[in-house]
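Each of the next two complexes has chain A plus one other chain: chain B in the first, chain C in the second.
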Partner chain A sequence: MPIVAAVLALLPWVAPSQALSVNILLYGLFATGFNLLFGYTGLLSFGHAAFFGAGAYGAGIALAHYGVGWFGAIFIGVGVAGMLALLIGAVSIRSRGIYFSMVTLALAQLVYYAAFQATDWTGGENGLRGLTVSVLSLGPISLNFLDPTTKYYVLFAFVMFALWLLSRMLNAPFGAAMEAVRENESRARACGFDVRLIKLIAFVVSGLVCGLAGSLNALHLSIVPIDTLYYQTSGLAVMMALLGGAGTFLGPFIGAAIFLLIEDIFSLWTPHWQLFVGIIFMLAVLFMPRGVWGTLAGWYRERRA
Partner chain B sequence: MKAIRSCLTRRVALRGGALSLAAPAILSRAAWAQDAPIRIGFPTPLTGPYGAEAKDQVRCAEIAVAQFNASGGLKGRKAELLVRDDKLSPGEAATRTLELIEKDHVDCIVGSLSSSVQLAVNEITKARGMLYVSISQSDTITEASDFARTTFHEALNPHMTAGAVARHVFKPGMRVAILLADYAYGQEMAAGFRRAATAIGGIDIVLELKHPVGASDYSTFLPQIRASKADVVCICNFGRDQANSIKQAVDFGIKRQAKIVVPVLLYNQRLASSPDVFEGVVGGSNYYWEIENQFPSARSFNDAYRAAYSGALPSDYGAYGYSGVRLILDAMRRAGGVSADAVIHELDGAHYDTCKGPEIMRACDHQAIQSVLILQSKAKSNMKNDADLFDIVAIDAGAEANLRSCADLGHKS
Partner chain C sequence: MELDLILAQLFTGVALGAVFVLMSVGLSVIFGMLGIVNFAHGAFYMIGAYVGIFVLTLTGSFWIALALTPILVGVFGLFVERILVRPLYGRGPDYPLLLTFGLAYALVELVRVVFGSDGVPFDTPELLAGGFDLGDLGYYPAYRLFVIAFTVLILLVLWVVIERTRFGLIVRAGARDPRILSVLGIDVARVWLLAFGIGTGLAALAGLLAAPMRSVNPEMGVAVLVEAFVVTVIGGMGSLLGGAIAGMAVGIVVSLTSLWMPQMATMSMFALMTLVLIIRPQGLFGRDDLAR
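Up next, the complex of A and B:
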């Protein structure tokens, strides 16, 4: 945890740009939220864009249509995402394996099309606008949120708080229970765990974390594009978690950082960046099946053993 | 120079801590701004379905920059173009625009090629007082809720193109069917046709069908359109969708009973498809190289393009890249500097002619009042060469009456 905090605190001074470091921070949190369900509980969801998007639209609509303050808007975003996760979770955890993935994908696409049609609320295809926060007031202090460095550290504080809560949860008995469900569902049930409840709680917490990432992203970009809810955003979380190492705490962050950095650097360098990025991903999948961080950590453990 | 600057702002930023950072950043900028080049950020979707259009926009924008520099720049200050791939995604475009402003310290942004992407860029530039010239179509961007005093919409908009095409084609007593892509731009084009039909009067809109964006199969819509016995079929979509839907409409024999019209007849889609498919299709356009016979500015732009790219000719969307960059650079030169206020002062109500005849930048909403070309796709037998694609059947001259009034857009007079 302290290492993550230190690395992320230094990120804006090393990354090519501050906008990119904010993206790494927020997509890292998004992938971490997803990983809670995928890496720790063993449920592969293809619908996490719904929670990322619900957080973004929840916060965005509160800011743009209701004039709620920025702090309240984040809470509303997280709350909306949590409610949606409870709904989608309650339906989808009744199925398993590939069926679970398909159900989450279908329900998330439902949310996407609903947002697409509800133009008055969401701005439809044009995206939600009018939610620029330029000054953050915190009691007597007011911060210039348009300044990239200030913005980064405000968002950083939120992300750190969420990560701290998550690491507490994973280290608590509940974390072990989640992993027990992942390893062997029947045995967990035989041991007296309420498997369905554990899955549902993991689902909702995962949705809350992704919702926070979404709300912060709405503040960061000052728009909510409709593709926030599109299934490709869900795919992004899967890819980042796999690239970094699913089932490890740091993996998703590393995955997000590698993914976004490679894309950024290569697309500046050549218009054919997709070719190179694709090759790098293929190599990563072939030679690091446990993800970059997963492989490194595993290698380190073997060395010590 | 670049390294020194970034290290300076960084140190200043550190010292300033989390309190107020805007002031020192501006100070350190002013110190080096005298001789540094004028930087133009150019986000455009190099990858994705509009890649061909985007690449031509870059080629054209580079001509505008080269001409500006060759003619002495701004009191010796040269301009440079910073091209960024926005991947046709509003989120990516917003990130790239933030980077261009915060890291590259650009003086203005020109570009983006989709309604939602330009609105995203607009939102970022608006909050930061950054000049932005938008060069793709949208009705929304000049409406009061999205209007920014720093943003100028150089492109046509769906209301103008659909209106011009309708005025040319619609006659009282006609039956009209509309097929539209179900997204903002498609809906805006369809709304343009409906408004024009009401204004002309006596037109029966018998059918309106929505297809998903990026659809490859139109066979569920076309029989209904045939059965509607429409005289005119308006197809409101963009890019590949246009070529696909027109091709299938022709296969279904729609051309035998109705005239196919499109708000914007795309140069690249016609090139990618065949003359037989597009033959007789009527549509609007911002630019077609043959207007060089009418406008000297078009001739000199075509000549520069031919010289730079071995005899090729610019496309319609490419020309936006040129006119957008020319517009802002010329205004900077007239203003004698790059400060947003001075440039806005120059552009409000400005009369100019970059490459497509006379235009006026309407002061109240920053929409460029300009002519719409009405083109008809040629039969193969009438084409003199590979670039001879269209007949210019009319030029709908730019007039404020063809735009929605500023009161309609929600602007206070």
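Up next, the complex of A and C:
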């Protein structure tokens, strides 16, 4: 946790561009939310775009259609994502193993199609517009959100708060219970854990975190494109978490940084950067399944032992 | 609503369902043997359509394309299994799934590099371009009838191979218990290799057959992958019969909803899947032990 805070606090000063550091921050949080479910509980979801998108649309609709303030909008976004996670989670944890990946993917696509049709609310194919926030005011404080550095550190504060809560949860007995479910579901059940409840809570918390990432991303971009809900967005979280190291705390942020750097560098000389991302991801699955951070941490532990 | 319109729509649903059935059966063959979910199945479907177009422009014959495409893509599938998937056996089902996801990601971009990002037209073959005048029932395109008939033929061949041949016996035994099979002196790795090739070949065939009915573009695999998953979840993983019945049911439900509530058509299949999951989580014909 302190490492994550230090790295992310310094990020704007070392990253090649301001936009990149904001993206690493927000997609890192998104991948962290996904990682809670995949890395810690062992459930591979391919539908996390639904929660990222629900957060983005929840906050965006509150801002654009109902004139809610920015702070309230974030809460609404997170709440909407949490409710959706409760619904999707309740259905999908009925299925086990690889079924789970298929069901979460299918239900997320259902959300995508629904948002696509509900043009009055979501703007459909054109995406949701008209939610520009330029000044953040909360009580006596007011900040210029258009200033990139201020923006970064405001978003940083939210991300840090979420990560602090998460690290508390992971270090609590509940965190151990989640890992027990991941390691051996039958044994966890035999030990007296309510496996389904643990899975559902992990699912909802994961949805809340992704919802926060989505809400903040809507504030950051000032629009919500419909692609936010698409299959590719779910895939992003999967790839980032795995590249960085699933089941580690810093991994998803490292993964987000790697992914976005590859995109930045390769897109300079080819529009087909996804080809290289796909190949690098396959190589990571084959040769570095613990991800960059997971492998480094493993080496460090072996050398000390 | 007139009965004839409903009947015509029902047939359209069956043709759509035929594509779902081929996709789902391909997924099931791979899953039943290797125990992995092929996330690149949609990409193989898309490649089937593109290879079909390539062979078609090269030879000018739809029939040669129909015969060659599944073989070419199936052989490609063999290489994928041998080089990429095989090293992951024994590492749990998540890693092959992630690998095939990455493969699909790269393949879609590769097709964009080779064929461009825009859609490509695929004309209905001349011989099947017409339709049948069904009197009061209206006009039914011959190509859809052909798709239904061809799918039934493929399913029959598959059924005979699996139920009545020595190879089918090995396949069935391998799905039950690969360890015993290898103890009996059979090269299980080779059976798995073939199963993967057959599965990808079936996906390519589905893509080629669907090409004149649906648009051909690099992203066409995503929607169909999700549809195939929905069908497989409804029918039950690893069950060919379940896949066939669920595929037809989903095709019919989708086209009937598009008759009454067009904006709900894409969503109806998910409602069906959710219902099945709540009542019977392992799918209609699924064995409970496979859903582990």
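Rule of thumb we're sticking to: the second predicted complex is superposed on the first by the 286 of 305 C-alpha atoms of A that agree within 3 Å, B and C clash if a C-alpha of one lies under 4 Å from a C-alpha of the other, contacts with A are read in each partner's own complex, and residues count from 1 in each chain.
Here, a contact is a pair of C-beta atoms (placed from the backbone, for glycine too) under 8 Å apart; a residue touches a chain by one contact, two chains touch by 3 or more.
Since the model is a prediction, treat every value here as computed from it, not as a measurement.
Residue contacts after overlaying the shared chain place A:Met239 against chain C, while chain B stays out of touching range. In the overlay built on the shared chain, the residue A:Gly278 is in contact with chain C alone; chain B does not reach it. By the document's definition of touching, of the two partners only chain B reaches A:Ala19; chain C does not. Judged by the touch definition given at the top, the superposed model places A:Ser137 against neither chain B nor chain C.
Contacts of A:Ser267 after superposition: chain B is touched, whereas chain C is not reached.
In the superposition on chain A, contact of A:Tyr231 is made with chain C only, not with chain B.
Using the contact criterion defined above for the overlaid structures, shared-chain residue A:Met102 touches chain C, although it does not reach chain B. Chain A residues 274 lie at the interface with chain B in one structure and with chain C in the other. Only residues 10, 13, 18-22, 25, 46-47, 55, 84-85, 87, 89-91, 94-96, 98-99, 102-103, 115-116, 119-120, 122-124, 126-128, 138, 140, 145-146, 183-185 of chain B touch chain A when the two sit together in their complex.
The touching residues of chain A, counted against chain B in their complex, run 13, 16-20, 23, 124-127, 129-130, 132, 134, 143-144, 146-150, 153, 221-223, 225-228, 267-268, 271, 273-274. Across the interface of their complex, chain A is touched by residues 31, 36-37, 39, 84, 87-88, 91, 93-95, 97-99, 101-110, 112-113, 222, 226, 229-230, 232-233, 237, 263, 266-267, 270, 273-274, 277-278, 281, 291-292 of chain C.
Chain A contributes residues 44, 46, 91-92, 94-99, 101-103, 105-107, 109-110, 113-114, 117, 231, 235, 238-239, 242, 272, 274-275, 277-279, 281-282, 285-286, 289 to its touches with chain C in the complex.
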